[in-house]
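Right, I'll just put the structure down here and ask away after.
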Amino acid sequence: MLDLVGRKLIYLLPVLLAVTALTFLIAALLPGDLALAMLGDQATPENVAALHQKLGLDLPLWQQYLHWLRHVLSGDLGTSHRTGETVVHAIAGRLPVSLELLVIAQLGGLLIGVPLAMLCAVRPDSAVDRVVSGVAFGMLSMPPFLLAIVLIFIFALRLGILPATAYVPLAQDVLGNLRSMALPGATLALLEWPTILRVLRSDLISTLQEDYIAMARAKGLTARRILFVHALKPSSLTLVTVVGLNIGRLIGGAVITESIFALPGIGRLLVESIYTRDFIVLQGCVLFVAVAFVVVNFLVDLLYAALDPRIRHGRA
Amino acid sequence: MPSDNRARAGLALAAFAALACAMPAGAQTRGGSATIGVEQDIAGFDPLIVGVYDTGQEAAAVLIFETLTRLDGSGKPAPGLAQSWEHSADFKTWTFKLRPDVKFQDGSPFNAEAVAFNFQRQLDPNNHCRCAIYVSNIAKVEAPDPLTAVFQLKNPSPNFAPILAPPTVNNVIHSPKAIREMKEGYNRHPVGTGPFRLKSWQSGDRIVLDRNPDYWDKERPYLDQIVVRPLPDNTARFASVLSGESDIIWHDRADDIVKAKKNPNVVVNEYAGSGAQVYAFNTKRPPFDDVRVRQALRYALDLKTYSDVAWEGLWKPAKDPWGPGSFVQCKDSGALPYDPAKAKALLKDYGKPVEFKMVVTATPRGRQIGQIFQEMWREIGVTMVIDQVDQTTLVTKAFRRDFDLTPWRIIDLADPDPQAYANFHTGSPVNLSDYSNPEVDKLLDDARTSGDQERRVEDYCKLAQILNREVPWFWPLDNHYFSIAKPGLKGVPKQYSDIIDLSGAWWDKK
Amino acid sequence: MAALDATGALGTAGAAAWRRRRLGTVFWLAVAWIALVLLLAFCSPLLPLADPAKMSLLARRAVPSAAHLLGTDALGRDLLARLIFGARSSLAVGLLAPLAATLIGGALGLLAGYFRGWLETITVGASDVLLAFPPLVLALAVTAYLGQSVPNLILVLAMLTVPAVTRIARAGTLGVRERDFVTAARALGASHTRILLREILPNIMLPLIAYFLVLVAVIITAEGILSFLGLGVPPPLPSWGSMIAEGRDNLDVAPQIAFIPATAMFLTVLAFNLVGDRLRSITDPRRAGS
């Protein structure tokens, strides 16, 4: 087990390094001179040259990269030239919002997906199973912005019971916050549950076919006990993996959802930094998201290895 | 100083004159909070970092900061942070006597040194401030004694006092102590002398301002708290005022405004300002170096339909850059009519195919406008490609003349001089079209230095005729500023310069 | 067995039976829809449609009529014409980007899975690195900075999809390369090229095609998202995403402006997903007969 961790760690480090290099490269190669953006109409050739020197933009690329990397490793992701705010501060302010959205989305997805998966798995191919699976499949084909619009149309415009855009910070008003996160959370949850359903359902179906289930049934155990205790447990591993991977993906902020519902999360920070040509924020943010993704995936991988008895005992 | 008999454009921090005359019967109450929904996210307040304020920043700036002068209800300059002023005979030296016993919100004293510091900082070439253009007429600011600030101007400016009134990036007075101590951090921690001070700032979400207990006018402000929320999404912002989450919003979507007018739960505040929505041709680049092409494009614009379609007729076609709110009203500005046949004839005369790029803002509205112009010009056989950029890039491209055709604003100000001079005079950095006409220069210089109102109106009208004929710029629509608000929010003056000013607002508890 | 779940070994016997059981009416309906959309998109310049960019400024948000079969949008443009020309844009990107990605990613995955060693390590590592980046943000950044154009869109979406295809191709190749007929071919002295092209490629072809179809669905959605944010297909070229974005401002007065292209996009994405998924479940290499 320990050497498994060691092996994965050895693989992780070069990946992380490559991620930092690629992030730097992308931001550096995007057209648009940072100095020009900062100087605006004051961008005479002399001013630009002077600013280049001051920012170290006239150094060769690999030197700039090392310089930047050094800052990053000491916790400095740079400062936005547009607002004077440090990137770390900007991210720290937005992260709780994205995290809250993420948690609500996963919980919602599980709340819908798990019971439905169990329902389908005990009666595969029945009308219920076909309908639910069909709906799940349909949901997967739904573009996220479309779902958001439909929900806004129904709940905010026509029924007027939920707000479309009034984000209230959690610290200010818990109830208001939950109300304002209801529609965006629902949007994401509705997009997550089909995957959870499909994975869990096929997992449950194959588990339910196993010999030991037949034996349990023969022994006279109730269906519910069989389902929850014997069938669901092995599948919980898959669930954890799926949810873990989703977290890694959604840390980048659900960009569309945050934009449509006016939530001040990381996704919106990323998009805004693109629109406003705020290279430094873009770079720092993308790095954060990419590194978080890699690290979370790594942890999920470890968790999977730790929990799956087959891997733990060396049988892959 | 201009004197005129029409109520007209100018920033009225109406507090003193207007409010004193117009207080409703006993309904003015203290307390309460108000939320303003603005369009753009607020980057910050340091002129050196942001360069220019948009309407969102100004809505906050008018609460946190103050300026040397204000404009009263009839547009005449009134005391602000300065109690009185006088000028030299040649209008090049202005001396302001400052209000005593005023403190910044960090406790440091407001004095002439602070005024000098603020303006010198913008002018200092080492600071590379993108704001420097707008104060380019100021040579030096001196502080001979703590309550006297002296401005030395490069050119005569008879209207200097009202020019200092609106809370623009150049005019608001920041605390030198705060700037010196916080440096780049100051941008997000503004400190002024105004009736509200910064309480908290959640990046990308809201700015919370609370009442300044040490404000020099003990009667003001009435509200306890104001929250400024950037809501860039139009639908979201409109929904927020309908649902009551916002108390007042800045809005310019015609469809929504029409809807709001029919809705009994909200009121629409409307103000026809001076200035206009304008576009600049780059006359140094083909095909716009040829006047025939410019005229053709202008003849091809059916402004009435454009106004009806894109703006529900709420913004009217403009005849000149002065606008309905200006004291300059011309009998005949020589605006070109809609005449597609003439447009095609001119292009035939020109002989070469016409293709170019037009800059628009990367917003749904920008795209919509772009597509409408694209279509109107397609009808006369011209190919226009839409170039979408964000607001910051638009300004940068404009200043660097990196465009064929770009939008711009001539905003509602007390006097046409600053913007007219900047936009149309040979050699000005903001003369985006790089148009040079000695007759135009002469008219501008004359209007700038003359004290005779009627003569100035004549100058500007002649100027409009020349510009309408030569079309280095064109102005499709005039400036109408709108806000949508809850009926109970009172004490909000007209949206001069498109600024929502809640500094003197209160809740009518009836 | 349920439609979405692959089961059992497939023998050649009863092939017709499985075809009938596996692909059902829904599958063929999806194929029909795809064919219809492709046909309309391809032939759009030849069809008697209104000009999708022409604005009838006096007939805005019109309900369906003889003149405008599906009505008009907020600027008075014919919705039917825009819908069909929008299909053209969405499908151009939706087909070409996955195609490029499948060709490149397929080749990479094939080589990586076959030769293994450092080639595989680098390919997999590079894929992992690329997959760590938020794809939407990268696409936005590229179109924002490099300019909006259909070629740019295809390029960036293809690049972002290559890692996923590489994974599938590599997994498939790994499964096939150990099989008897491959070992036999190698023992007989066949060259690598021959083995790759004759033995391995045909066996991973079907899963790749199935995945390609699913990718089409994903890319159409991605293009829709980018156009929705204003950074997809440049105006005045209509695309379903930008039509939905424009229709959003009119949801309360004329919801059909948004919901008509939305329905078209949803049905098309669903159709591609269905076809790809069915094919994938049939040709799943894990279940292929040994």
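A, B and C are the chain letters, set down in written order, and residue numbers restart from 1 in every chain.
In the analysis below, a contact is a pair of C-beta atoms (placed from the backbone, for glycine too) under 8 Å apart; a residue touches a chain by one contact, two chains touch by 3 or more.
All values derive from a computational prediction rather than experimental measurement.
Looking at B-C alongside A-B, one finds more C-beta pairs in contact between the chains of A-B. Of all the chains, the one whose CA centre sits at the greatest distance from that of chain C is B. Centroid to centroid, with C-alpha atoms defining each point, chain A and chain C lie 23 Å apart. Chain geometry summary: the mean Cα position of chain B and that of chain C are 48 Å apart.
Chain B has its Cα centroid 41 Å from the Cα centroid of chain A. Contact of a single residue of chain A with at least two other chains is seen at positions 259, 275.
Touching of two or more other chains is recorded for residues 248, 251 of chain C. Multi-chain contact residues of chain B (touching two or more other chains): 235, 362.
Per the touch definition, chain C reaches chain A in the complex via residues 1-5, 125-126, 128-130, 132-134, 136-138, 140-141, 144-146, 217, 221, 224-225, 228-229, 241, 244, 248, 251-252, 255, 258, 262, 265-266, 269-270, 273-274, 277.
On chain A, the positions that touch chain B within their shared complex are 36-37, 39-43, 47, 79, 81-85, 89-90, 93-94, 156, 160, 163-167, 169, 259-262, 264, 268-269, 272, 275-277.
Those residues of chain A that touch chain C in the complex are listed here as 11, 14-15, 18-19, 22-23, 26, 30-32, 120, 124-125, 129-130, 133, 137-138, 140-146, 149, 152-153, 157, 198, 201-202, 205, 252-253, 255-256, 259, 270-271, 274-275, 282, 286, 289-291, 293-294, 297. Interface residues of chain C, counted against chain B in their complex, comprise 53-55, 57, 60, 74-76, 148, 230-231, 234-236, 245-246, 248-251, 253. Across the complex, chain B meets chain C through its residues 234-235, 253, 255, 305, 308-309, 362-364, 367-368, 370-372, 374-375, 378, 386, 388.
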